[in-house]
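This report refers to the structure that appears directly beneath it.
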Amino acid sequence: MRGLFIGRFQPFHLGHLSIIRSSLDQVDELIIGIGSAELSHTLRDPFTAGERMEMVLLAAEEMGFRERIVVIPVRDINRYSVWAVHVASLCPEFEVVFSNNPLTRILFGEAGYRVEATPFVDRSKLSGHMIRDAIIGGKTWEDRVPEVVAAYIKRIGGPERLCSLADGDHL
Amino acid sequence: MRGLFIGRFQPFHLGHLSIIRSSLDQVDELIIGIGSAELSHTLRDPFTAGERMEMVLLAAEEMGFRERIVVIPVRDINRYSVWAVHVASLCPEFEVVFSNNPLTRILFGEAGYRVEATPFVDRSKLSGHMIRDAIIGGKTWEDRVPEVVAAYIKRIGGPERLCSLADGDHL
Amino acid sequence: MRGLFIGRFQPFHLGHLSIIRSSLDQVDELIIGIGSAELSHTLRDPFTAGERMEMVLLAAEEMGFRERIVVIPVRDINRYSVWAVHVASLCPEFEVVFSNNPLTRILFGEAGYRVEATPFVDRSKLSGHMIRDAIIGGKTWEDRVPEVVAAYIKRIGGPERLCSLADGDHL
Amino acid sequence: MRGLFIGRFQPFHLGHLSIIRSSLDQVDELIIGIGSAELSHTLRDPFTAGERMEMVLLAAEEMGFRERIVVIPVRDINRYSVWAVHVASLCPEFEVVFSNNPLTRILFGEAGYRVEATPFVDRSKLSGHMIRDAIIGGKTWEDRVPEVVAAYIKRIGGPERLCSLADGDHL
Amino acid sequence: MRGLFIGRFQPFHLGHLSIIRSSLDQVDELIIGIGSAELSHTLRDPFTAGERMEMVLLAAEEMGFRERIVVIPVRDINRYSVWAVHVASLCPEFEVVFSNNPLTRILFGEAGYRVEATPFVDRSKLSGHMIRDAIIGGKTWEDRVPEVVAAYIKRIGGPERLCSLADGDHL
Amino acid sequence: MRGLFIGRFQPFHLGHLSIIRSSLDQVDELIIGIGSAELSHTLRDPFTAGERMEMVLLAAEEMGFRERIVVIPVRDINRYSVWAVHVASLCPEFEVVFSNNPLTRILFGEAGYRVEATPFVDRSKLSGHMIRDAIIGGKTWEDRVPEVVAAYIKRIGGPERLCSLADGDHL
């Protein structure tokens, strides 16, 4: 059986990792959808889909579940009435969707999919937003993402990009 | 003579009804444009164009003016310089636009249409925003929409959808 | 019960009329979708959605079934995997789709709708293509469309537009 | 008074030049719209909008009318009912459109512009299509475009690009 | 080192397989881009991106190289001047592109990538076009695709879909 | 050598003028990109691309540098990973980008362009935002834009448009 989990992964962090691991306890394979795939270079979405896919693959490799996942970039279409079908048409078949997000739960539920809750992640302690803020503020953030992901983010100049984006108003 | 009135109808309420009735005093037929037609499943735009069209048709049927209206979904194109022509190309011919909205008045005025004001609706007492808030807050809202519309909204699980959307942050 | 029938109506002709009449024998209301709604001013699609809607309304008025139809412009999205859901989100609820078109039958069938065949129309004798060719070639075409539609097409300068389009190569 | 002339300029050739010169006899300034601006790298549209703008500017510079033209890339929107307004919203004000193209004449005419014919260019002797074919076939083409344009096309490797594109079927 | 190979895979066949195998001799990992990802349900592009991804994964699993590939749907953007950057932004880093397609070679070459030819596949004997024609014509096609792919195509009713699509003209 | 400077020019003001003049000290020709070209008729983006181009041309004419600039409307594509290439494909060749905007600097820098800072403009004293607010508030604004631009804005009814837009909530 296959499942689907969608996140924005800006960046990929330990909360995502725990959700993926718990999902993999319930399905043979997990499709990991990279949401808002075409956004990048903003304070809220600094990394490209390709960079985020690299993060997921690095973590999966290290944790030993790479052969059990399929990673798929999913662009926003800003049309929620067709969104679940849009996602489904890009993915190999799946039966269950793992999500705590109300909108995701509604849309896939209305489209006839089984929807399962994901384990609790305390977003006041661990979220993409917090990590991006920590990077910009020059605070410690590396302990909230897998080690290989922290190294990758540094290698591609992620902190520099975020700090530049934070520094001034845009066009 | 035909007129045009555009609203988002999230949901269709008694203010819309009074505008339509007063417009029908001045024209033979009224085109009712369902604005932001492709939006749905958000707190601001919970209902699909199809659901909103159903609301308009139900009210029109009950009030006895169904054969005098034409209901047309109009998607946003986010390009105001061509918007009036976009709308006009989707509609049968019309001569007059009923609107109190400044942007709508400017755009159709610049495109050469006659623009008429609509009767005053006290938006502090009656607006889609207020009704959506009342639904989410568990307060009375049914008396601000036509009876058939209230029944329809309940039948399709509108209150449940709105409350789910209100409950948490999204992707 | 409501049904759906989709056509391009370039222009609306007697074949469309017979399909609509036969469909109305089986459902209470019929949604008439105007396909390729945003195309116009080409040899294959000369009329705007608004002009085509006017044709449908004029014929419906004359034939006495206007209060039993809902006419909806449906733009192409060039993405067949989500097309049926796209159409459905723009329409009030319907249960059955009337179509002889293989693609339409497949897409609505896969989306779970009941699909019914429409009565035979001999496309070698009656089709939009033939009528457009007759207009351009200066032959008789008026007997293949409802009388009110022929009059409307002439009133808006349809034959002149078609002949101009046929006369030369484009940008 | 300002005029508008739209072409695809794949590539800019002596026919375009003669139309521009004759148009400049009738107006103070001419807007030169580069049509299908976002197309490039195909057999029919090999050059980018930027490359085509460079051709126009080089010719204008050489011929001494650069200060009397404004060159504007115009992307296709595949929606003819709003096309004239689309173009107009991107351009400084103009009063007259120079074109022999039926569609362009219809659309700007319906939008209320004065439309003027352009001097005859024998397309069987001079057209973008012929020049592209000559380049691919290894025949002489340089005498059909302004000298500076021929030099520019060679400098950017235009013939090589066209020949590569002609050599094989695509994705 | 990572490479990129893009195909439409309508359907995935033995020619694709041989190209992938030969590419995997030269790189550690291969990104397999599913081109024209959003097309489906046409005679030329019958299968959805998700179905094509399933074919690739099934073949990769059977052939034992699944852990060395990353499969990514790539939608058409119809704008070749930005296409290579579009693809790159969706993919993890790669250094080399395997392609015999002239356009692909030009675009990635201009964008600074190393481009390598792929081994000869006799398209007069093996191509997606031929296989689709064989399916429609009721001839043998199963020996031109990996066995698991043939089985999958049958399981999802691929031949029936293709034959329906071939049977008649469309909207 | 050619340079590029991109602004929204809502409206064109003396800060833009000083940047352009200083840029023209460093390059032979300057491409002036009109950003967010397809936006208009909002409080933040009241003027169409065409109107803004007219402002730039009027100022350039008066200041005597019209023959050294090329003005190009650049629409938003909301996809920053391809934005620099998008812009470049619409422009004649350029080598250097003048910008203090962090995002612009990052994107063109990553795409391999030389990026130069522009002279300091005190945005607390001179910005499009301030000028639009002054127009709406009925305060003096004419001294912050070139004289010909102030006259043009008045001629096209710019202050009236802005005040109408400010007067009420929109659709």
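First chain written, first letter: the chains are A, B, C, D, E and F, and each begins at residue 1.
The rule we apply is simple: contacts are C-beta pairs under 8 Å (C-beta built on N, C-alpha and C of every residue); 3 or more make two chains touch, one makes a residue touch a chain.
Predicted model, so just to flag it, every value in this text is computed and none were measured.
Colleague: Name, by label, each chain that touches both members of the pair subunit C and subunit E.
Modeller: A, D
Colleague: Match interface C-E to one of A-B, A-C or D-F, accepting only the pair for which over half of the contact pairs are the same residue numbers.
Modeller: Same contacts by residue number as C-E, out of A-B, A-C or D-F: A-B.
Colleague: Counting C-beta pairs in contact, does A-E beat E-F or the other way around?
Modeller: Of the two interfaces, A-E and E-F, more C-beta pairs touch across A-E.
Colleague: Taking each chain's centre as the mean position of its Cα atoms, how many Å separate subunit B from subunit E?
Modeller: So the centroids are 45 Å from each other.
Colleague: Could you put a whole-Å number on the gap between the CA centroids of subunit B and subunit F?
Modeller: That pair's centroid distance is 36 Å.
Colleague: Tell me, which residues of subunit B touch at least two other chains?
Modeller: Counting only residues that touch two or more other chains, subunit B contributes 38, 40, 48, 81, 89.
Colleague: Name the touching chain pairs, please: which are they?
Modeller: A-B, A-C, A-E, A-F, B-C, B-D, B-F, C-D, C-E, D-E, D-F, E-F
Colleague: Can you list the residues on subunit E that touch subunit D in the complex?
Modeller: For this pair, the touching residues of subunit E are 6-8, 35-36, 78-81, 100-107.
Colleague: Using the touch definition up top, name the residues of subunit B that touch subunit D in the complex.
Modeller: Against subunit D, subunit B makes touches at 81-82, 85-86, 89.
Colleague: Give every residue of subunit A touching subunit E within the complex, in rising order.
Modeller: Touching subunit E from subunit A are residues 37-38, 40, 48-51, 53-54, 57, 66-67, 70-73, 75, 88-93.
Colleague: Mind listing the subunit D positions that touch subunit E in their complex?
Modeller: These residues of subunit D touch subunit E: 38-42, 48, 161, 164-165, 167-171.
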